[in-house]
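Labels run A, B and C following the written order; every chain starts at residue 1.
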Amino acid sequence: MGFNLMPKDENFQGMFSRTSKNVVEAAKTFHQLVKNWDAGSPLIDKIHEIEHEGDLIRHELVDKLNRTFITPIDREDIYALSGELDDIIDMIQAVMDRMKIYRIRKIDDGLVKLAEILERSAVLVDKAICEMDDKKKVTRVMDYCIEINQLENEGDNMFKKLLADLFDGDDASKNPLEVIKWKETYEAVEAALDKCENVACTIESIVVKGN
Amino acid sequence: MGFNLMPKDENFQGMFSRTSKNVVEAAKTFHQLVKNWDAGSPLIDKIHEIEHEGDLIRHELVDKLNRTFITPIDREDIYALSGELDDIIDMIQAVMDRMKIYRIRKIDDGLVKLAEILERSAVLVDKAICEMDDKKKVTRVMDYCIEINQLENEGDNMFKKLLADLFDGDDASKNPLEVIKWKETYEAVEAALDKCENVACTIESIVVKGN
Amino acid sequence: MGFNLMPKDENFQGMFSRTSKNVVEAAKTFHQLVKNWDAGSPLIDKIHEIEHEGDLIRHELVDKLNRTFITPIDREDIYALSGELDDIIDMIQAVMDRMKIYRIRKIDDGLVKLAEILERSAVLVDKAICEMDDKKKVTRVMDYCIEINQLENEGDNMFKKLLADLFDGDDASKNPLEVIKWKETYEAVEAALDKCENVACTIESIVVKGN
């Protein structure tokens, strides 16, 4: 049996796992939502609930952190990781809200593709989080982090292509307000992918220090 | 008499009070300015002076922090709180500067309403700051923080409505450059409200730890 | 001989110098690039290489930081400074990438001027970094930091003028998509100048504490 970085009675690990499960749920729901976009979809309320649940867990975690004198991993890492996981969900909710405000009707394939990459990244974030306290799985956790970085690169390349297409061609034929809306939508999903990369970075740093 | 979290000779509390008074002054002046917008108004210089004053207090505070070995509240909280209070004023100055650059002429009611919410939030920030060192007033300070959160929600809903209106209707009838200007103006005031919420969060965390 | 804040065997100072040399190289290359803009220029690859090199140094530095128990300067300052130096290069790469995506053809004089200010600021950042460990040069290092602040102001004023011109005049005659592209380009260079100012702030704080 491996040595646990975080003893069970502290339960920081448990809270992190709950949060990363929430991240997967948010990314998955967002992917489903954009595949069949409807501004009246019940999936929108579902994402709001997931975000609210995330806030509650974060509150609980920060509260425990403030009351815990000795923490299993550096307190600043606990704080950062918890905030970064929260950021992913916040970003997903923000892009969805903006799409509703902008009354977006037809979703293009590019956004669906970006959402799919985000879901894959969220699944890897969850795996890395759930195994980061197991010393025997250090290499595997590091591999997840590398994969998260690769997905961020993949997403970034797709984002750049979508943005170039958006501004491409005879400018006069483009509706500038539509360009503004879509630029912002793509940027927000790309930002959510960046947040996943931040999480991977923090996990790497925690794992390195724990060895 | 309540126990003081921050002994008078340290004077961090005094510096925080001066800063939060400055925040109120900035928000109040901004509200007056947008009610009677004029790119040549003396209120614009006044906000620049308030911002400069804020920078000086912050400099003084960080300086004291660097020279103080034992602080009455966690040094990272002092640093964060001071930076977040500064951020509110910076954001107010930034939106005002941008409005001047964009040569905005006519102010709409929505912006005045947002500025009014921001002023109310700043007043609550000041109250929470001034009473946070009094252990007998913990509940009241927590209530101020809840009210600040509620105002942020109120502002956010108003912001979303304004943004939806901005992009609404027959796109061809909208002047895209005007849309860009107003989108940015609304977003900046909403960001200032977010900064007030950050301050409330930090105060809550300080008060919890102090008990 | 002055007392070294950072003993040679720790080599944090050496890593910082390498990073700030990299910052100068990035800013210089960017200035040359915009003076003779060509989306197929080999200078674009050069900036990508500089950015990659910067990432490697940062990784090395954070790694050393995590393994070093007692650091010559506060670990949070080492971490912040390294991140802020990296931010300058990231921002330069980001604006260049965006210019390529937007298929910008003709560069205006304003951007060349901003890039020139950025190069001058980067040179000062490098000087301040290279001399910050020499106690005899405290005044000179502080002077560099003041100059960096002045350049940020100069850049900010130029940025505001460029932005005002961009939105000025008969709006109907402007191509909104071009306005969006240039607004973002100017903002990104201005953001790089802000990052230089952040570095100056952190150096000031390190030098004050070291005395």
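Throughout what follows, contacts are C-beta pairs under 8 Å (C-beta built on N, C-alpha and C of every residue); 3 or more make two chains touch, one makes a residue touch a chain.
A quick note: this is a predicted structure, and the numbers were derived from the prediction, not measured.
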Fitting chain B to chain C on CA atoms, where both chains share a sequence, rotation angle to nearest 5 degrees: 120
Interface composition of copies chain A and chain B: same or different, split at half: different
Centroid distance [mean C-alpha coordinates] between chain B and chain A, Å: 28
Sequence positions of chain C contacting 2 or more other chains: 176, 180
Residue ranges of chain A touching chain C (in the complex, touch as defined): 160, 163-164, 167-168, 171-172, 174, 176, 179-180, 183, 205, 208-209
Residues on chain A engaged by chain B in the complex (per definition of touch): 62-63, 66, 97, 101-103, 175-178, 180-181
